[in-house]
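In order of appearance the chains are A, B, C and D, and numbering begins at 1 in each one.
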Amino acid sequence: MTISLEQAQTIVRAALEHGTEQGFQPLTVAVLDTGGALVALGRQDGSGYLRPDLATAKAWGILGMGINNRALAARAADSPDIYTSLVALSGGKIVSVPGGVFIRDAQGTLLGAVGVSGDASLNDEAAALAGIAAAGLVSETGAEG
Amino acid sequence: MTISLEQAQTIVRAALEHGTEQGFQPLTVAVLDTGGALVALGRQDGSGYLRPDLATAKAWGILGMGINNRALAARAADSPDIYTSLVALSGGKIVSVPGGVFIRDAQGTLLGAVGVSGDASLNDEAAALAGIAAAGLVSETGAEG
Amino acid sequence: MTISLEQAQTIVRAALEHGTEQGFQPLTVAVLDTGGALVALGRQDGSGYLRPDLATAKAWGILGMGINNRALAARAADSPDIYTSLVALSGGKIVSVPGGVFIRDAQGTLLGAVGVSGDASLNDEAAALAGIAAAGLVSETGAEG
Amino acid sequence: MTISLEQAQTIVRAALEHGTEQGFQPLTVAVLDTGGALVALGRQDGSGYLRPDLATAKAWGILGMGINNRALAARAADSPDIYTSLVALSGGKIVSVPGGVFIRDAQGTLLGAVGVSGDASLNDEAAALAGIAAAGLVSETGAEG
């Protein structure tokens, strides 16, 4: 079970709209399936050319480790060495700052992850949450209640 | 001057619809700007996880060399050695088979390229052409009249 | 939906037993989930140290492209150029010879793939088939009826 | 002299069972021979797709340097520069945190190493020790008495 193209396109569209409405810097949004492969990506005009790789990496890293980016950040703080190894091992596709968010269905089944890059990382994350909500799906960032 | 997100999303949507209408295998469509960076990507359910890289490579290679894929294929036939070097130099992002198509505006200005992967390469190319036409833009494959 | 560890371990064990019973050269068997990540691997004593990468690649390539290795071989024969690009793009993880086999459940849902390396490729494939059958699952090689 | 497939499979099975009994997060266990090549690997359902690479790296790095991971961590603390170089040189396959353990026979002969990833690193290490003990072999972590 993994995210469908239609769900992924809804997430991209709604996340980008959220950024526009909030006056964020131009964003790039990437939606990955549970295996870490791209399903949909959109980059707003003016969003830099590294943003597709960075948005993808934010989602890829949390899926690859199976832990959210706040947990990744906690490990990086505990042990900078392991973080350095993970970054090298993954070719840079581990990113501990907010903006990579797990996507689950109402039953809690993991469907994939979304990564957003372009503005401050909490704004990136807010756009991801708006995208996931628009698709009627459930977010997990590690900052929940 | 480069392709806009809105144009790129139209190309992705229309190329995928063309594949569905024609009964093609599930496709992946990638639209790149003139600098070779992704603007929009969509992967249909069931399209393999290497397809995003392959669709991207089809567009990246023609942009990087500034020649269409039929011209790339002619060079590969003339001089297999240079083709091997190009493939290695680019990490595989040179692909000579059809499915990577330049996107130009009505005045002939280059806006980017689209790459399609998933079915036989002439079908991939047909989907790319349908996508570019739907955006009101002009295609260049090397097979033109 | 993807292969479980228990199913993957059954496949590894039974594929290796098949090789031993048939007097094959020492084998390595790798089972990957639908996203292309290892679930279980076993390398018999005396199987060379490149065999884990090669067995993994046989399964990874068919999953990544979504076509079996006979179809991969047909494309490579049609267009050696695309095969060269795919090999480079995937870091060598495209292998067209037999020995990579899709794993499906009774309903036809894709669960992953197994790759076997160590003996002649049709023997590798026979071991893969024996492993999948032992797990009560369904094989797809492209050589079916 | 190196670890046999049968010993390696016992280590994988017992290490995973230890994790299940202790209520650890889903684990991945990799057993490497003295040359640094995989002999057996098992990934529990739900263990992230980067875990096979990370578990393998934990074992590969200590074998490659010939020092245990506490000694690696001490060097990293003494000289962060050399650690950075080692990580880059090995493509991330140097990991200083616990979870990579040397495997020796009763006479002290080195047979290989096991790497475990999925939970906190001391829990990963505990699973590795349980696996090695189940195979009747001797562990070396650098934390010994």
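In this text, a contact is a pair of C-beta atoms (placed from the backbone, for glycine too) under 8 Å apart; a residue touches a chain by one contact, two chains touch by 3 or more.
Model, not experiment: these values are computed from the prediction.
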B-C or C-D, whichever has more C-beta pairs in contact: B-C
Whole-Å gap separating subunit B and subunit D, where each centre is the average of the chain's CA atoms: 44
Chain centre separation (subunit A, subunit C; CA means) in Å: 31
Whole-Å gap between the CA centroids of subunit C and subunit D: 26
For subunit D, residues contacting two or more additional chains: 49
Listing of all chain pairs that touch each other, if any do: A-B, A-C, A-D, B-C, C-D
Interface residues, subunit C side, partner subunit D - complex: 4-5, 8-9, 16, 33, 35-45, 49-50, 52
In the complex, subunit A residues that touch subunit C: 1, 33-37
Subunit B-touching residues of subunit C, taken from the complex the two chains share: 35-36, 61, 63-67, 79, 81-82, 84-90, 94
Subunit C partner contacts - residues on subunit B that touch it in the complex: 25-26, 46-51, 53-54, 57, 73, 76, 83-84, 87-88, 90-97, 118, 121
